[in-house]
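What follows is a group of structures, each given as structure tokens.
Both of the next two complexes hold chain A, though its partner changes from chain B to chain C.
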Partner chain A sequence: MTKIAYYPGCSLLGSSREYDESLRAIAGPMGFDLVQVPDWNCCGASSAHSLNHELSLALPARILALAETLGVEEMLVPCAACYSRLVTAHHDLAESAETRERIVEIIGMPCQGTVKPLNILEFLDRHSDSFKDKVTAPFDKDVACYYGCLLVRPPKITKFDRPEDPRTMDNLVELIGAKALDWDFKVECCGASHSISKTDLVGKLSAKIIGNAVKKGAQAIVVACPMCQSNLDMRRSFINKAAGQNYTIPVIFITQAIGLAMGLGEKELGLHRHIVKVKYPEKKKVDAEVKPKAAAAAPAPAPVTQPEQTEEA
Partner chain B sequence: MSRIGVFVCHCGTNISATVDCPGVAEAIAKMPGVVHSVDYKYMCSDPGQTMIKEAIKEHKLDGVVVSACSPHMHEPTFRRACAEAGLNPYLCEMANLREHCSWVHEKEDATTVKAIDLVRKMVEKVKKNQPLYSIKVPVTKTALVIGGGIAGIQAALDIANAGHKVVMVERDPSIGGHMSQLSETFPTLDCSQCILTPRMVEVAQHPNITLHTYSEVESLEGFIGNFNVKIRKKARCVDEKLCTGCGLCSQKCPTKKNLSEFNEGLGYRPAIYSPFPQAVPNKPVIDKTQCTFFLKGKCKVCEKVCPTKAIRYDQEDQILDVEVGAIVLATGFNVLQPDFFPEYGYGRYKDVIQGLQFERLASASGPTSGEMKRPSDGKEPETVVFIACAGSRDEAKGLPYCSKICCMYTAKHAMLYKHKVHHGNAYVFYMDIRSGGKMYDEFVRRAIEEDGVKYIRGRVSRIYEEDGKLIVKGADTLLGHQTVEIKADMVVLASAAVANDGAEELAQKLHVSYDPYHFFAEAHPKLRPVETNTAGIFLAGACQAPRDIPETVSQASGAASKVAALFSQSELTREPIIAVVNRTAPPLYSTCTGCALCVPACPYQAIEMEDIKNRDGRVVKRAAKINPGLCQGCGTCVALCRVKAIDLQGFSNEQIFAELMAL
Partner chain C sequence: MSATTHADNDNTLAGRLSLATGVSVTRCYQCGKCTAGCPMAEEMDYTPSHILRLLQVGLDGFEDRVLKAYSPWVCLTCEMCYARCPQEVDIPKMMDFLRAESVRLKKVNPRAKDFVSLHQTFLDSIHYVGRLYEVGLIAGYKARSWHLFQDVLMAPRLYLKGKLRLFPHLIKNRKNISQIFKKAGTARTEAAK
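Here is the complex of A and B:
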């Protein structure tokens, strides 16, 4: 077993618990021992960097400093927002000795920058050999790989894949037997944290993403970010309202897709936790999947979305 | 005892701001051997030079140290001044107080101390200097022009019309370059072919010009005035002397579906082809990678139909040896490859094209005969979006520079489209409009005001296809970053101009420096824009940086006049900074032991071994001999010689040691 530091962040303990479950489920067979960073704190995503620059670096720097105590060189950060904060802090502290001194003073512990944050795709891509030959039930689906905004941007800092047309996840799903579709909105904005404050906006933006994936004939959208997943999944009622459609396409994590291909159980991978039931539509030709609006009432929107609707009213 | 004069320059305030110049002059005056030491505000000015000349005469100086800027800048100036006063110019040296001292240090005492040290070591060197005499070398009055675009054509014609021989080498089967692909040219909208083809014919028919198309430079040796070039003449598989250019072979060739390079992939050409009807020379070539005979061993249709029996399947590449005295590099540019624009879908959507492809669509000789038809289905596009700065000025794409020509040609494209499709909508997304030039801004205003092209200031973030339309998603930054979505039928990317394929390898072959983007580097960006750092090699056109036709032509004429000036002399004067083998008289006692290690070490093949014979003709010794015409004074042999038998004139071991001992 190879030891690697693991920073789950808040999402993976709460709204995206299935991401954590599926990642742990596949990490074992892949030969990795995920060691949680002790006493970890909030990464500061969504809000810290628009409020206070030093705070936005100090929060992730503390996590990096704690990870250094584990004696590892890499830290797996599955959440794209956490990854963005951590990799930015890692970059900024390495670039300027002055910044590092100041931040180290704030957090009150040494931070050498010896632990490199890895996003989930980087991690899986590097170690694809360790799951490639464990595929027992190929994930034989046409999928749209959705990267979201934060995994590949800004390129100067992430130094990972092509920022406008990334290919890493497409290559990964091909390894487990799926077909990665060529579609238009791989890195388009889903609305991110506006999910709470401007849910209608998220509905509008995410509707474009889902609509294009469905149009291109996707049977599932595969994601690598808990925020993207919850917006495309949990906000489906808003999406359908904005689009005037009844989209039923499931949105699954890349770790779940790999787990399924490894023959792991649906429950083990947390698939039962999704708001939109994980039922793959038939392989269809392009444009044939959009159902008329009349059928919109059929699958009832999951109860979780109800409170927000009332809140709005 | 030496009689040395020291002249300390303030360089305005460049040196005097951090160095105490009068203090330096005063301190140096006390050195043994220094008989005159003064400071002055501008030593390179006329009064400054006069000061030096008068001091040489008045104080009978036998050595001069000018403490000023880099010798790269003004050594020739001061050496000339010394020569005019009757002193051997190589007895004058420069101490670099500007780049090596004042520019890189703060104002403090230590800076002045360092300046004094720098001058002192030069004084010690000059004490050991010997008078040297420049070397005369002959000039081969033939110029080589590499590249047959408008830059090469203009340079070749200008040199040939000045009465000198020109050898032109072009990689493609025809000369003409990118200009021959263009439809109309800004800012007058005159037809590109109409103004270019007469020039092409003139090149082919000029008695002073030898044209080698479908040829490349293989290697280069020698130096200014005496270059030796090997040219690879690639096998055309057609006997150029017999071929009349009737075109029957191309008509009958069964392999017709090869993407035409001339039409930027928007049309097809046969395997035996002339790139375009007005090609010069109008002799076809066989593309061996596509010809059925070369791939499968049978066909030979062209051989059967050729009325003059000019087809030669067994023709091989020829290597030509050419001696030239000067070289003009005019290899042009290319446009950015599709991989750069995944977000714009170039290469994925047929109707997203780049600027040169639009030129072919708009050209009367193009694949649509000049009718505005989009590549995917041949329909007339109702809405066309033009995107300026596709790659240019975009550090994320690795190209921070401005491609310079795009603002103008985008305005031209939009205008041409509106002239052909009156009811159509043309949109231009731009960052800034850079239209400096005679009649240029008026041209852009005409596109906007008279032809109704809609300019939107902002960048496009994404292009995707929906219901048969290309959705162009961008922002209008003049309306407060408002999102704009345009349903377009065709999109034209003004993709960045980049260095031509193979520019880097060619630069290395010719020992010419280039910038990080592989454009060839000029010797000085302002004062020597057409020269390279390699003497005798000049630049013309877009191989140096992106530029438009008028600018290219001016630069080509500039390079040609440099060549003509070089050829106006019967022989060239070279610096005597060369290596010499210690040859005592009699040579038997030369310290050279004849080990011959220096022979393979010389990068210029300037060293050979010489047998030294006695009166009876018996070989008593072998010693190295350096050819002064070939030696470039690099000093490799000096460093390598085990017995210190080689010295570099002007930088002898004795001089260098004297400098070091002074510190």
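Here is the complex of A and C:
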């Protein structure tokens, strides 16, 4: 077993428990032992950087400093929002000795910057050999890989994949037997940071994302961010109201998709915790685009009328 | 180098922005790419490029228009503008600065009160618990913003799905967090005096 530092972040203990559960479920078979950063705190998310710049560096710096006590070089950060704050702090502290001095003074502990935050896609991509041989039940679905904002932006800081049309997750899902669709909203923002304060705006943004995925014939949206997932899943009734549609497409984590392909159970992967029931619409027929009559029969673009799929009530 | 502009004056808003964050508004040549890609542009009173223009020109009253704008609050920090800016103007960093500055100068747009309430409640949670306490966040926000019923109806469902933790996860070294909150931000407030 290889040891790796693990920073779950607040959402993975609460509203996105299934992300933590599914990651732990696949990490074991992949040969990784996730060691939690001792006594970790919240990264400060959007609220710290909205109101207090120093706080937005100090909170993640404390996490980096605590991770350094584990004697590791990398720390896995599955939450894209936490990853963004941590990688930004890591970058800013490395760029300026003055900033580092000031932040070290604030947090009251040494922070050398020796631990690099690693996002979930970097981690899975680098270690894809450790799960691709274990695929026993291929995840044979047409999926829209949704990256959202913070994994790829700002490219100067994340230094990860192409900012406009990233491919890492697309390649990962193809390794487990899925087909990654070409679609338009891969890196658009779902608006999750306004999920509580401006729910109506979020409905509009997310409706475009889900609408496009459905139109392209996706059977599931695969994500790597708990903010995106809870927004597109828990807020589905708002989104459907904004869109005037009844979208039933499930939104699952990449770790859950990999877990399913490895033959792990739905409960073990936390699929029962989703608000939108994980039930895949039928595959869009290839010739559906050519023949308009067949297109109407395909479940995706037409206004959904199947009553059994209205789980979101 | 370009000519000396008002943005080089440390007392202007553009000057303070540059001093605190290193973001220089004079780099912007108004191509409008930021506004074109901004998912929130249609909700804003001034689009991102318009804010930059107001700061560049810096005529009387322009600074107040920027500080009292709704735009920085509705900005999602999705970083699209920065990723696409040909001049690499860090607009999200600018928006962060403008938010903090409008709170400091008590010029927050009245329509943005809900955002400020949410951010403050969120930070309170970290201050006292060390982590985000979701139930506390919703409850505190409801109390501050008076939106008492929105979201509360979802609680029983989330609880049944095991997604709602009723009690906070207190971290051990909360003293350390308290100290961080006490110290952070003090340097800039003092410098601005």
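Following the convention adopted for this analysis, the second predicted complex is superposed on the first by the 284 of 313 C-alpha atoms of A that agree within 3 Å, B and C clash if a C-alpha of one lies under 4 Å from a C-alpha of the other, contacts with A are read in each partner's own complex, and residues count from 1 in each chain.
One rule holds for everything that comes next: a contact is a pair of C-beta atoms (placed from the backbone, for glycine too) under 8 Å apart; a residue touches a chain by one contact, two chains touch by 3 or more.
All values reported here derive from a predicted model rather than from experimental measurement.
Student: Chain A superposed: clash or fit between chain B and chain C?
Tutor: Chain B and chain C clash in the superposed model.
Student: Where does A:55 make contact in the superposed view: on chain B (first), on chain C (second), on both, or on neither?
Tutor: After superposing on A, A:55 lies in contact with chain C but is clear of chain B.
Student: Now for A:162: first (chain B), second (chain C), both, or neither, which partner does it touch?
Tutor: The answer is first: A:162 touches chain B but not chain C.
Student: With the two structures laid over each other on chain A, which partner does A:193 touch: chain B (first), chain C (second), both, or neither?
Tutor: Touch status of A:193: second partner only.
Student: Quick one: is A:185 in contact with chain B, with chain C, with both, or with neither? Answer first, second, both or neither.
Tutor: Touch partner of A:185: chain B, not chain C.
Student: Is A:212 contacted by the first partner chain B, the second partner chain C, both or neither?
Tutor: first
Student: So which one touches more of the residues on chain A, chain B or chain C?
Tutor: With both complexes superposed on chain A, more residues of chain A are touched by C.
Student: Please indicate which partner A:174 is in contact with in the superposed arrangement: first for chain B, second for chain C, both, or neither.
Tutor: A:174 sits against neither chain B nor chain C.
Student: After superposing on chain A, which stretch of chain B overlaps chain C: 348-356, 456-464, 510-518 or 618-626?
Tutor: The one stretch of chain B in steric conflict with chain C is 456-464.
Student: For chain A, which residues lie in the overlap of the chain B contacts and the chain C contacts?
Tutor: Common interface on chain A, chain B vs chain C: 155-156, 163-164, 188.
Student: Flag every residue of chain C that touches chain A in the complex, lowest number first.
Tutor: Residue positions touching the partner: 20-21, 39-40, 43, 74, 76-80, 82-83, 88, 90, 92, 96-97, 99-100, 103, 114-120, 122-123, 125-126, 130-132, 134, 137-138, 141, 145, 150-151, 154, 157-158, 161-165, 169, 171-173, 176-177, 179-181, 183-185, 187-188.
Student: Across the complex, what residues on chain B touch chain A?
Tutor: 341-343, 348, 396, 462, 464-466
Student: Okay, in this complex, where on chain A does chain C touch?
Tutor: Those in contact with chain C are residues 10-11, 13-17, 39-42, 44-56, 58-59, 62, 102, 105-109, 149-150, 152-156, 163-164, 187-189, 191, 193-194, 196-199, 201, 205, 234, 272-275.
Student: Once bound in the complex, which stretches of chain A touch chain B?
Tutor: 155-156, 162-165, 182, 184-185, 188, 212
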